[in-house]
Structures are given as C-alpha cells and as structure tokens.
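Shared between the two complexes below is subunit A, which pairs with subunit B and subunit C, respectively.
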Partner chain A sequence: MTIGEDRAAAMQAEARERRITSLLIVVGAALMALLPFVGVAPFTITLLTEAMIFAIWAMSLDLMTGYTGMLTFGHAAGFGLGAYAAGYFAREVTGDFLASLIVSELVVLSLALAVGFVVTRLSGAAFAIVSLCVAQVLFQVAVAWRSVTEGMDGLVGVPLPKLLGVTIHNGSQFYLLTLLVALIVCLGLRALVASPFGRTLTAIRTNAARAAAIGINVPLHKWLVFVISWAVAGIGGTLMVFMKAGTTPMSLYWIESGNVLIMAIFGGLGTLLGPLIGAVAFVFLRDALTTGFAVWQLAFGVVFVIVVLLFPSGLAGIFSRLWMVVRPASPARDL
Partner chain B sequence: MDLNFLFVNILNGVVYGSFLLLTSLGLSLVFGLGRVVNFAHGALYAMGGYALIAIMHAGGTGYWPALLAAPLVVIPVAMAIERVTIDPIRHRPDVDTLLVTFGLSSMIVGAIEYVWGTGTTLLPPPSPFAGTVDVLGNQYPLYRLVAALVSLLVSAGVFAVVQFTPIGLRIRAITDDAGMAEALGVNVKRLLTLVFGFAAGLAGLAGALGAPIFAIHPEMGMNILIDSFLVVVLGGLGSLTGSAIGAFFVALTKSIGGGYFAEWSIAFLFLIVAAALIVRPTGVFGHGRVA
Partner chain C sequence: MPRPYAHPLLVVRDLCKNFGALLAVDGVNLEVRDGHVHSLIGPNGAGKTTVFNCISGFLHPTGGRVLLNGREVTGWPPHCLVAAGLVRTFQITQVFGDLTVMENVALGVRSRLGRNLAMWSRAEGEARDRAHEVLDRLGLAEQAHANAEHLAHGDKRILEIAIAMALEPRVLLLDEPTAGMSPGETERIAALIRRIASQASVLLVEHDMEIVLGISDEITVMTQGRVIASGTPEAVSRDPLVRDAYLGAVDAGAL
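And then the complex of A and B:
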C-alpha cells in the first residue's frame, strides 16, 4: 500500500468513527428527551437544563481554547452579553425565542467582531490576560449602565419564551427546547472541527508560525474562531436568561469565566464531548457541594488545581487512554 | 470647574499607583524569571491583608508590628505553593501554569472566606498618622501619603536589588536567557522559588499596607490584579521600568477618569491599553516575545 492509500484508508476509518459517534450523540439526546416522561424529579430536570446550557457554553470555549489553543479567562463575556441582549429585547419588545435569539446574536456578533479584531492579535498569556480584562470591562459596564442593565440588581422580569406563538413553560418544555439547541450546537461544532476549517485551527494551535509559513492566514482564522465562539456562547446566554427570567452582572464576572474553563478542562479540551460531560459533572457536583459559597469556591479551586496538575487531558483523556488499551491499533489516531 | 477636585484625584492616583507598582513589580519579576503569569497574585495580596488582621487580633499587637509580620506569613506559604504546584509543571506549556495559578487564586480566596467570612473589615488609619494634613488647602488623610511613600521606598529597594546585587544579576541573566543562565551554573529552580515567594511578599505587604485605605474583604485582590495585569501588559511583561511607568499611567487614568466618569473610566482605560497593544503587541516598553 502506498502512503497515499494508507492515508486515505485512515481518513475513511476516521470518518466512519465520526459518523458512529454522531449517531450515538443523537441516540443519547433522544434518551435524555425521554427523562421528563419516566418520572425523573423536576429538580433534576432543572439541573439537566442548566447543564445543557453550560454544555453549549463549554463547547464554544473548547473551539477557541481546545482546538485553536487560545486560552481565555474571559469567556463569560459572550455568554453574559448574550443573556443581557436577549433578556432586554424579550422584556421590552417580544418574548419570541427566535427573535430574541437573533437580536442577541446580532449584539454579540457586532461586539465580538470589534473586540476580536484587537485581542486576537495577541497570543498565549497576553491573550488570556486581555480576554479577562474584556469580560471585567463588560461587568463594569453592566454595573454602571443602570438605565439599561439596572446595575447590580440585574435585569429582571424577562417573560417566558414563545416559540412559533406557543409559550414554552419552565420545566420539561424548556428542557426539551434546550436539549434540542444543545444537540444542534454539538453536531454543528463537530462538523465544523472536522471540516478543512477545523483542521486549519488545529494547525494553528500546533504551531502558529509553521501554519503561517504554509500560507494559512492565522490572524483571520483566530478572529473568526473568536467570533464563532462568542456567538455560540451567546446562544447559551440567551437560553440562560429565559431559564432564570433575568440575569445579573455576576453572569459576566471572572468566576463564571473560571467555571466554564474548569468544565471544559475537567471534561477534556479539544474533544467537544468532553466539555459537554464536564458541564454535566460540574452542575451536579456544585449542587452536591454547595453548603455555602466559600466551601464551594475552596473545593472548586482544589479540584481545578488537581485536574490541571494530574489530569491535563481531563475525563476524555482518561477514557481515550482506556480505549487505546482496548484497541491499541486504532488507525485514526495517528493523523 | 474645581481645580481642587482634580488635584485630590491626582493625589489619589499617585497613592494608588504606588500600590500598583508594588504588585506589578512582583508579577513582572515572576514572569520574567519563569514565564509564569501568576493569577494568584491578587489572592496573595488579600492574604497579606488577612494576615495583618489575624496577627493584630490573635497577637494583640498594634498595626506596625503586624505590618512587618504579614509578608513574613505570606512568603513561606507562597514558596510552598510554588514548590508543590508550579515547579512540577515548569516543562509544560506556559498556559498550564496560568491555569494552576487561576485555581490557586480560587482556593486562597475560598479559604479566606471559609475562615473569615465574606464580610468587609474596616481598619482605622494607625497612629501617629491618623489625622489629615493640609495639602494646598485640602485636608488629605496623612496615612495615604505615608503608605505611598513606604510603597515607593520598597519599590526602589526592589529596583536596587535587581540592578546592583549578585542575586539581581542572576535574576537578570535568567530573564534574558534562562537556558544559558542555567548552563553557566545558575540554579533556576531555587531562584524561581525564592523570587516567587519574594514577589508574593511584596503583594502581601501591599495588601497589609493598603488595608487602612482600601478596606479588607476576600475579593480585595481581584481589582488590583486586573489593574496590575493592565500595567504589565501595557509596560511589557518582564520589564520593570515598563511596570513603573505603567503603574502610574493606569492609576492616574483610573482616578482622574473615575472622578468625572465614575465606573466608565475603566472601560476607557481598557480602550487605551487595547490601542497600545495594536501598535506594540509586546507592550510599550517590552522587547522580545509576548508569551
């Protein structure tokens, strides 16, 4: 077999594995959709709804940090901004979910285009720091711009969402809507990272200088990734503002940026499914550990440090190492 | 238009700038030495503040002995943290140390909240500097001027150590080329632990010294951390001169802008920093690589 044939076979095998995984994701989502109808407690459904919203957010972070190597400490920005824009529009104009989502996305996109143009010129530590500063500035604006954001009190009184004229109630109805959106986002991002565009991002993460040398427009790709990542985070923020019927400046605070980072790292960066699992683990773990904010933050810090020190590739890394033991000669691995 | 109002804001800016200088110098030193961006620097600043009140309450001492002792509490804790969490991953990519220090920050702040609660502690200005002093017709708190002077003197001391002592020579050698310095026999590992602890001590001192001015609460380190980041990014990571100029630029912009535009001034400040980074991605006074 020539090298070309060998490579073609490996790519086919990888494409097959990808299709099987996608199918499993759809089956998994379908099974999750059944949960409200088999007597799962409403509180658990609420937690799962929150977990799916966080999963959307953590997957958007994975695109930027895991696939492109742009570590951000300010990923609350796109999420919180999306929440404020959708919440304000829904309260002042109409509670229509799609209209609110579109308006929210327009706001997030326009700011991401402007901010991203500047900050994606940086990389590594400088990018991480400046991304944190961006989110903290938005936090300050949310506190200061009282006529729109109502300051520290937060935006309240967001109506229930309407989809095609039908009101979506909290609980199982909203859960199903969130699950559907999360499924679409998950499959969409998977298609994106498997596309030539996604491969280009991996090339940039691996070695930006070499990527530039073979003709990849690195600044343009990083800018695009920044914008897409914020836009997807904004979808999560839109769902969150409807779920909580409001939002506060704390949704933009650095602690939230840390939360989404630990979800993604805990699950395993650069895998998309890892951050999804990480988000679910995070929500249920936090629910179990919250006996007081201080204990939670302390526990959060300890988990964060241990995961980074000892399990840098997260849960997904542990699974894939087990998988390698089961199937040592998986041809798709060495691409 | 009130010139006095402007003058007091400038004075506040100078006071805040001298604190920012103390914290930024530590950040910059640690980055220059180990390429470690220390997100826990703000938490160590808070640790200094809490060490101060713990010593004052438990030891029954006055403010000044506690001020001297507070950094001595922070330094060994920081050195232990460096040995256990940062040293083992020095061979990993830079971003891993960022992540670890981010987790450490949450851990330290969480521990503070666990022990002392989330409340704010106010500390009266210590004698004999409790009163105010007449500065061009304004009654200005005397302690602020004293604290600023102490910060500036300590900062000058840091500059002197880095510029004129054998250990400073080693620090500069590592900052310039860590591999070469190590080849010539400099113990990078030990020096990094030492400098990390020393930088944390500076942050702790700033936290304790600033306690009677800025009040003590668990999140007290976050704002000064963000401002210090702006300082070092603007001045160039690893450049001490850049940090010095950046500290006063950031503090004065914040306090003068804050006097007229309230919270909006920080957004304005960020725009300036962003503009500077477009023109010079390595910072205004930086040279070499950003990260």
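And then the complex of A and C:
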C-alpha cells in the first residue's frame, strides 16, 4: 500500500484481496474435484490424495514455524500420533471416519496440551531440539508398546472408512473426502492467521520481548499454537491411516519431521498456500525422481537447494512475484 | 503544573538485583508520583536499565518490592503488568519491522481491549480507529501504511512510544527515548513526553541533560547500583555529590 493512502480504502483492498484469494482456492478445489471424472489415472489420484494429506500437515507446521517462529524438528509427532489413535480405534471399534477423527483428536489434544505446556516455555534451538526428542520418544513408544502398536510391524488391518454410514470403497471417493478436509483446513487456517490472534502470532515471531511488553501473554499463545498445530497435523494423520489401511513407527520418525519441514520451506513459510504447493511438489517430484534415480533424495536435494537459493521465499515466492508483475499496486506483504 | 505532593503511583523499595557476584542494583528506592515526569539518570553501567527491567517484569529482582498504585506487583510477568497499567519502551528500537505502522499500534490497542486471543475478525474496525487516533495524536498518521522498518530513525522512536500509548498506561517507562536522535527530533520527543504526563506518569531514563532538567518534576541519580541523590532538578543539580560523581564529568556547563 502506498504511504498516506486513505485508510478505509486500504482496509477494503486488503479484505478484498483476501476474499479473492479464498474464492480462487475454492475454485481450485472444485476443479481438482473434477479430476477423477475426466479420465485422470487412478495412480495420479492416489498421489494427489497423499499430496493433500501432506498439505494439511505442512500447513499445520506453517502455523507454528512460519507464523509464530517456532522452528520444530519433531512435527511428525502430532501426525503419527493421530494416525495411530485413529487407526487403532477404527480397527477395534468402528471404521466411522468422523468417530475415528474425534477420538484421534482427543488423544492428540490431550498429549499436545500436556507436552506443549512444558516445551513451549523454550524457544529457538532449544525448542527445536526438544520437539525432536518428543517425537523420538513417541517413536520409541510405538516400537516398544507391541500389545497396542504391534511394534515395528506396524498397525495393520484398518478397515475402509465409513462416512455417515456409507463405506468409502474406492480411491476417487477417498480423494474427494481428503480434498474437502484439506479445503476446510486451508480456509480455517487462513481465517485464523488473518484474525487478531494471527497478528499477535506475527508479533511474537518478530519480537517476543516486544510482544510481552505490549501485554501479550507469550507463553499462552505459543502453547495454543502448539496445540492447534498438533491437532491439525492429527487430522492429516487420521486421513493417512485410512489411506494406507495402517501405519508404522516410521510415521513418527525424525525423517518424516524433516520431510514436512522441507515441504513447508520448499513451498514458502508463512504463506499457508506455499506449504500446500510444497507438499504437492514434494509428492510429484518424489514420484518422478524415484523412477530415474537410485537415491531420489539426492536429486530432490539439488532441486530444493536451487529453488531456495533463487527464491528464498519458496515456490510461493515465485507466484507472488508473478502476481506483483501483473498487479504492481498489491500490498507489501507476500500473498 | 503537577501537584508537588501527588500520591506515589509507582513505588520501588530496596530493589536489589545481582548477576552472580555482580551486584547491579543495590537497594534502590524511588517513587513516581501521579502525573509526574520522574527521571532516572547516571553514568553508563549505573544500573538504570536493570532497574527498568526489574520494574517491568523482564528481570526478577533478587530483593525488594515494586508497588503499583499501592498494589504489590513484584515479579509479575510483563503481560500482567501491562494489564495493571505499567508499560515500557526499549532503549534499542523494538518495533515490529514487517508490520505496518498502523498494525504496530493496533497490536497495542487490541491488547488493551483484551483481544489478543480473538480468533475471528469481528470489530476490527474499532481497533484500527483507535490506532489511527493514537497515530494522529503523535503525528505519525501520514506513515500509517508504511512498513515500520522503512521509517526514519526518529519516527521509529515515536512509533515505539505510540505503541506504548495505545496501551493507555498509568505509568510509562521510557528507556532513552532520544537515543540516536538529532537535536530537532529530541525537542519533539521532549514536548511529547510533557504532553504524555497529562495522561500517565512517566519514569524516564535519559542521557540528554538538557531534556532531563527541562521536563522532569523529580530526578533520581544512580551510580554503581545505588541512588546517590533524589529531588527536584534544582536540588539535584546543586548536590555536590552529584556534581562530583556524574554531572561534573559530563556537562557541568548545562547546569
């Protein structure tokens, strides 16, 4: 916005831009929903389903790391825990998707409230390392608690999900469900970061001491963000356990925590849409590279480094630069 | 003019703070009276900023008490002190660089309105209107939509105060508000502080003696963690201890 611009007009322009972007997201999701009906290969639909699940996970990381500045090396925790809780409940009690989701969320929320209360007292590198330790402890529990988790073999035999009594028995239907959940999560998180609460998070990220000095209860906000972030990751984990009909301790392993961080950074932290794009790029690049390279991570690493060097704000930065060219009068903040 | 015997809004009693073996603050007493500008001066390393940090909840005092309007607030965390009406600024400019000037002040307004946790955007208009009032009052309205980090240094210092004023403090702690400013800008700040004193009591740490002597109702002088003098500007500037320990070395001519 230009200096001295009329404030009402500026506020309206900002709100309008946000509404247009939200509308584009809904249109994009609607177009994606058509894909199974226009002859797109089932394998591609499976990849897209996984990409949307990862997108939910990566956006939950973005709230914590991109918006609040809490770098975490253990974001597999909420995801893997959600997967185990939903999978176990679905197998032992009922395959109802909503019931499994609620139970999974209750488990994730309880642990996030307890763990978050302690670990969010830390910041910077200490928080990053302790969050990694938390995820590794959960990994070890998943390996050792064989009577529930079946150890390294993993939890298997998760039934097909049922939605409102109807069994979801093919990949296209599950894709549509995942797409819908991802859309709700995306719009919900966008509303959250645009709210006063979201601005408070930006203040904490920019300068925690200053934020405290203007009366922001920094520990409380960081705790809430931690809990919300784990809860959203748990939604992703729930979808994942139904998609794969099971899960293994590897879903809690540090490599997964690294992958979700890579998706978010690759796409562009602090933009929500960036991590979403990053998750899609991650899934499809991984698929393309595994056919040509023995060690696909090596090739992916090269792509990752090039993108991050050329566009420090990630793939979203490429789009927002294009947007700037088309609309030179857009606001200073990216996306 | 402020009342000479107005009741003390902020009382600091026997405040001590040590960092290991280093005794940074050693039994400091001071009283900031309602509507007064009270300056805390002293050479570098005298412990002024440590006193500030102890009062504002950024450091836990080793000993002593802090009373705000008669209420014990020793060791309260910063956000509780802000809610109780005690607000500080920082010596090194600490504005939120990647937010607009207006957003910086709106954060303060929302905090005052108790809306930090609002997860929906209702009644945002009110926060922004109030933020604009503050910016108007402090002469920053023109820059409302500029990114805070693009402001000139002097304007950043004013913004620092604007954020604090948005919180409608009873007691405002200003840590070297004129640091790094030109003489013209310094005058602008001095006039501003005088104006603020009609709404809030001010505790001021400042190096510019001209300002301190010009706008203070009361001055407390510290060296090496201790108070060596306290009183009106006239009394303090006549005090031989002060002239020896501090003022004489720096700028006796200004007195």
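Here are some notes:
Everything that follows uses one rule, which is that the second predicted complex is superposed on the first by the 303 of 335 C-alpha atoms of A that agree within 3 Å, B and C clash if a C-alpha of one lies under 4 Å from a C-alpha of the other, contacts with A are read in each partner's own complex, and residues count from 1 in each chain.
Methods note: a residue touches a chain if its C-beta (ideal position, glycine included) is under 8 Å from a C-beta of that chain, and two chains touch if they have at least 3 such contacts.
Treat the numbers as computed from the prediction; the structure is a model and nothing was measured.
In the superposition on chain A, contact is made by A:V302 with subunit B only, not with subunit C. In the superposed pair of complexes, A:G215 makes contact with subunit C only, with no contact to subunit B. Legend: residue contacts after superposition of the two complexes on their common chain; A:F311 is shown touching neither subunit B nor subunit C. In the superposed model, A:F319 makes contact with neither subunit B nor subunit C. Once the two complexes are laid over each other on the shared chain, residue contacts for A:T206 go to subunit C alone; subunit B is not touched. Contact with subunit C, but none with subunit B, is seen for A:S195 once the two complexes are overlaid on the shared chain.
Per the touch definition, subunit C reaches subunit A in the complex via residues 56-58, 77-79, 82-83, 87-90, 94-100, 102-103, 106-108, 110-112, 115-121, 124, 127-128, 132, 142-147, 163-164, 166-167.
Interface of subunit A with subunit C (complex): residues 1-5, 7, 10-11, 191-192, 194-197, 199-200, 202-203, 206-207, 209-218, 220-221, 224, 332-333.
Within the complex formed with subunit B, the residues of subunit A that make contact are 71, 73, 118-119, 121-130, 132-134, 136-137, 140-141, 143-144, 254-255, 258, 261-262, 265, 293-305, 308-309, 312. Residues of subunit B that touch subunit A in their complex: 31, 35, 37, 39, 85, 88-89, 92, 94-96, 98-100, 102-111, 113-114, 117-118, 222, 226, 229-230, 233, 237, 262-264, 266-267, 270, 273-274, 277-278, 281, 290-291.
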